[in-house]
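Presented sequentially are two complexes of subunit A, the first with subunit B as partner and the second with subunit C.
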Partner chain A sequence: DDNQMKDPDMASAVAAIRTLLEFLKRDKGETILGLRESLTSATDCLTGVDSSVAVSSGGELFLRFISLTSLEHQDLSRCKKVMEERGELFLEKISMSRAKVAKLCHTFIKDGAKILTHSYSRVVLRVLEKAAAEKKRFSVYVTESQPDAAGRQMAEALRKLNVPVTVVLDAAVGYVLEKVDLVIVGAEGVVESGGIINKIGTYQMAVCSKAHNKPFYVVAESFKFVRLYPLNQQDVPDKFKYKADTLKTVQNLSEEHPMIDYTPPSLITLLFTDLGVLTPSAVSDELIKLYL
Partner chain B sequence: MTKEEKQRLRKEKKQQKKNKEKKDDNASQESEKEKKSVSSSSSAPQPPTQPATQKGGSSCCSLKNVHDMVQKVTLILIFPVVKRLPEHIQVDNPDVLKKLAKKLERQQIPLRLDYGYKVSLFSHLHQYSRKAPLTQQLSIPSSVIHPAIVRLGLQYSQGIVAGSNARSVALLHAFKQVIRDYTTPPNEELSRDLVNKLKPYISFLNQCRPLSASMGNAIKYIKKEISNIPSQCKEEEAKGKLLNCIECYINEKIILAAKAIAKYAIEKISDGDVILVYGCSSLVNHILCEAFEKNRKFRVIVVDSRPRLEGREALRRLVQRGISCTYVLISAVSYILPEVSKVFLGAHALLANGYVMSRVGTSQIALVAKAFNVPVLVCCETYKFCERVQTDSFVSNELDDPDDLIVTRKGKTQLEDWQQVPLLGLLNLVYDVTPPDFVDLVITDLGMIPCTSVPVVLRVKNVDL
Partner chain C sequence: MPGSDKETDLTERIEAFLSDLKRGGSGTGPLRGSAETARETTALLRRITAQARWSSAGDLMEIIRKEGRRMTAAQPSETTVGNMIRRVLKIIREEYARSRGSSEETDQQESLHKLLTSGGLSEENFRQHFAALKANVIEAINELLTELEGTTDNIAMQALEHIHSNEVIMTIGRSRTVEAFLKDAARKRKFHVIVAECAPFCQGHEMATSLSKAGIETTVITDAAIFAVMSRVNKVIIGTQTVLANGGLRAVNGTHTLALAAKHHSTPLIVCAPMFKLSPQVRREYTINNSNNHFVSSGEILSKVNVHCPVFDYVPPELITLFISNIGGHAPSYIYRLMSELYHPEDHEL
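Let's turn to the complex of A and B:
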């Protein structure tokens, strides 16, 4: 939380990973197993504060990455040093990931394109920045994205880049789709089936763009890949749907509005990640490589 | 082409012909010389000229071989090699039938004849009658085939042992018995002789009922284990090792895999679910029983179809555990699907392009479920993953006894004389193939994967092997 307030441009997952690295450095555990357990409990603690998919996936991937090396040293401090080095490497890699994604995606934005996007996503912002820097002329429609009106934040950021932007109502997505050429959204989590978990309203947008035959692109960094496999909206665990404070205070969740929804892979055209441009069915391949 | 070019081509062709004739002559000369040299070497004194000609002959021979190979290679480059189709789907080709008959004669196994009129689309597949099992044509006691295998073949052909897990386990147990009773003949190595002994058994079982994909993988594994036995290993030790391997295989790939799959599947079953199952899959029944024991509240709808009516067995097993069930026939599937929250299907095999091969009727259920937006989950162990690729249910399938479709209702048997009606064919298919777009999730012992990731699993497994 501290970290996030200092740098609003950093994703919450990256902040979480930085915290975990600090935790690792300060940990005074005696055994590797103890270390791993304390790291897992730290991750749980973090998701308890900010229950987004990215934080949990980022934490798990961080743990996997640092332990995916030979920890056969006799001395525990040497092992810890190795893990810390790998942790720094991981952090460096993911801070470069947004730039990589932007580099891959901006070529898909042609001159004169009209883009539709949903809510406030820093990755999409980065992509559009890059496209504007390449002297491409395009205009953007952003949905307001209630209940937190994050779309207005996105519109402000785009106005600073001198990109013509229009804020539309969430209900006007079907109306505006005939005018747009492509749809780009970010993702809070990419699941095993190749689908995505994102701000509520994304699924609607995906269904409409499929009906209009417009390409639906997703931009996401690889640390957002998570080992979940939802079959439908109901199957997404409650801890991701609602904010952490809501989960703790409210008794009857059926009266709460979910913050995220699940978009199945059949509606997604392509995913742009720092591992490359993937089709939804290739996501499972990458996940098997990352996790197994 | 100009005249000169045509003439040149003609000359080249003539030259090639001449060369061929010369070579044939040479070949016949070589064979004569070789015969002479063999016969002369048996007689005591050898004239001094013979070795010289022999040497000359042998060098000529080697040159000829090289030239032959070069010719063959160029021929292959010009005419691409066609991949051979497996024999069991070429039944309408008389040459293939002749080859099969010869092979079976050599192995001393009787040939099973096809029965009844075959529908033209499926005339490339075998169609046997259950009333004429292969065992009737065998002499008792059979000298070539082990009695455990004879019993197994009879159980397969009569349908006493059915279901891909049951068939594989029965096969492995029969092989264990064979290995226990096996003794290495003198001057033979166990690793080579045992594999040769197994070949006629496998042909016999294939004749009784075509082998399933899971059985094929099990046989490949056993053959590999046998041929990996080191030659200095003593017989008792080798036999013990093999028996142990088979036990491990059954334990890991079938029993433990079922436990792992149940663990993943139970996460997907929530309270208040209405689950649809089709036919009798041992794995799906196991999952449902486990979930019920973990106190999940759900009810099951069992869909059944003629002529096998396997759903009744599944119904019996589930009701015995206390799970509340509903029973419908497959014609009512679109009627009850609005009530259903999930569909669980078993699989006979998962093909390399992501298609699911399962009991006939499965693809129909998957299609209707997709139309109603109900998630379809297929449960399959990794040992049933197959390198084959198939996009339709016609090319490779199994035809069951057509007489099974005859039913007696209210004392009247309508189709009794179906053979007399000239253009009437009864089709009793066993398997069908479901495309991956209709399947939402495949649960394997490695975890939950989308249907399109089957080749990834196969690749990972091959790396392990």
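Let's turn to the complex of A and C:
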């Protein structure tokens, strides 16, 4: 979280992985099993502070990667060295992932397009930056996204890019959709079914876009793929729905507002990831390849 | 010198192919089927492999990419050219990997798994020289050509599973694949076919004549009558120009109308498309192909009116029930998987 304060542009998952890597470097354990346990407890500690889906998926990927490496080397110190190298490599690769996503997605933004987006997403911002750099003219509607009004932050950032932007109420999504050509949102997590977990209000936006027949695009980096298969909104674990401090302090969760919701894959047109342009059905394929 | 003779011969052939492609698009030359185009492209690529000067796989891929860009620029709507080039590029990569003895060939795609396990940001630059590479690549291209030759038959062989007696089938325009499909089923089953004529070129008329010569009861209807007749139709079987990466289609104009009518009546929509029509493109901007305006007869209004005549339609994957290809039947949501087997992601952009 130190890391995140230093670089507000870094995704929380990346910050988490960087922290875990630091932890790995400083670990004085003697066995791989011990290493794994201490990393697991470190991840729990991280999710205790920031229980977002992305941190949890990032942590799990890192752990997974540790266990895949450890199968190859017998000697612990050499193993650790290899792990550290691979960790750095992993971080390097995922730092390029936003650029890859932007490169894939900006071609879908036509000249004169009107885009609707939800809340503050760094990936969407990157995509729009790239489109603006390619001299495309477009305008953006951003939802305010209460309770933290993150949409205003997005609008500020877009104004700096000289993109015409309008902030709309969360309730005005249905009203605005007839003017809009396409909808682009980020994701905090991409689940096994090909659906996404994102700031509350995304599901609503997706249902409305389906009703208006507008394409609903999701941009996400691949480290956000998470091994979860929610069947409905209730299925999403509480630790993702509410902030970590809320979980610790509040007794009756039913009086709290959830921060995220689940959008099923049937409402999503395409997902833009650093692994390519995927249809929602391709997502589970990718996850299987990893976790097999 | 025999070397330079070969080269000039090669460049001549490439130029001839390019001008053929350009003419085919403007409607003045003979209309080519896409199977023919695919075969000719592959044969030309084989010739390039055999005759051009290259020392490593990287060089060959560069040459093919360069020629490929010229070919796709000559006729952008003919996507089979690009598809064949990508297939050949994938063949070269595979043969190279096999010569190097690495087992990486199956894991060439980007994946989360690869992200975690690969040793480095190594760029395969295909610089190593292998003597047997040329022969291997040419052999693989020959296999590809044999596959291309068998596609229509392979699709037609599956006809009996899908067409039953006394059914009413609807189709639109003229597709050689669908024609073969229906004729194969007609050998053993009796059924009725309704062909939408597909104005303004009315290719449906030729299709109907050809089908009735094979003894199939055929009816021709206008495009406007599609919805009205749809309630009596059991199945809709169509061909397409391209299958897009998301499972959608780029097909002759009028197909989207047909697909919507079929969806409304819950009639299954079956697309007969060989694998070489599968393209890694995803639906982009709607571009109007205004190349064929000559059908509008002269008249006073011609100067006062703007005529838009799109040649192709986009059909979204939700409206399609089944794809029948030379390797079997697939759901539209499975197309991305087939694509990853046929093409390498780095070749999506030539």
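For this structure, a couple of remarks:
The working rule: the second predicted complex is superposed on the first by the 284 of 292 C-alpha atoms of A that agree within 3 Å, B and C clash if a C-alpha of one lies under 4 Å from a C-alpha of the other, contacts with A are read in each partner's own complex, and residues count from 1 in each chain.
Quick note on the criterion: a contact is a pair of C-beta atoms (placed from the backbone, for glycine too) under 8 Å apart; a residue touches a chain by one contact, two chains touch by 3 or more.
On a predicted model such as this, the values are computed, not experimentally measured, just so you know.
Within the superposed three-chain model, A:Leu231 lies in touch with subunit B and out of touch with subunit C [touch as defined at top]. When the two complexes are overlaid on their common chain A, residue A:Ser139 makes contact with neither subunit B nor subunit C.
In the superposition on chain A, A:Asp285 contacts both subunit B and subunit C.
In the overlay built on the shared chain, the residue A:Leu270 is in contact with subunit C alone; subunit B does not reach it.
Once the two complexes are overlaid on the shared chain, A:Glu92 sits against subunit C while remaining clear of subunit B. When the two complexes are overlaid, the chain among subunit B and subunit C that reaches more residues of subunit A is C.
When the two complexes are overlaid on their common chain A, residue A:Glu192 makes contact with subunit B while staying clear of subunit C.
According to the touch criterion, the shared surface of subunit A, contacted by subunit B in one complex and subunit C in the other, consists of residues 281, 285, 292. In the complex of the two chains, the subunit C residues touching subunit A come out as 110-113, 115-117, 120-121, 245-247, 282, 284-285, 317, 333-334, 336-337, 345, 348.
On subunit B, the positions that touch subunit A within their shared complex are 268, 270, 342, 373, 375, 377, 437, 440-441, 446, 448-450, 452-453, 456, 460. Of all the residues in subunit A, the ones that touch subunit B in their complex are 192-194, 229, 231-232, 234-235, 265-266, 281, 284-285, 288, 292.
Put simply, subunit A touches subunit C in their complex at residues 61, 64-65, 68, 86, 89-90, 92-94, 107-108, 110, 222-223, 225, 269-270, 274-279, 281-282, 285-287, 289-290, 292.
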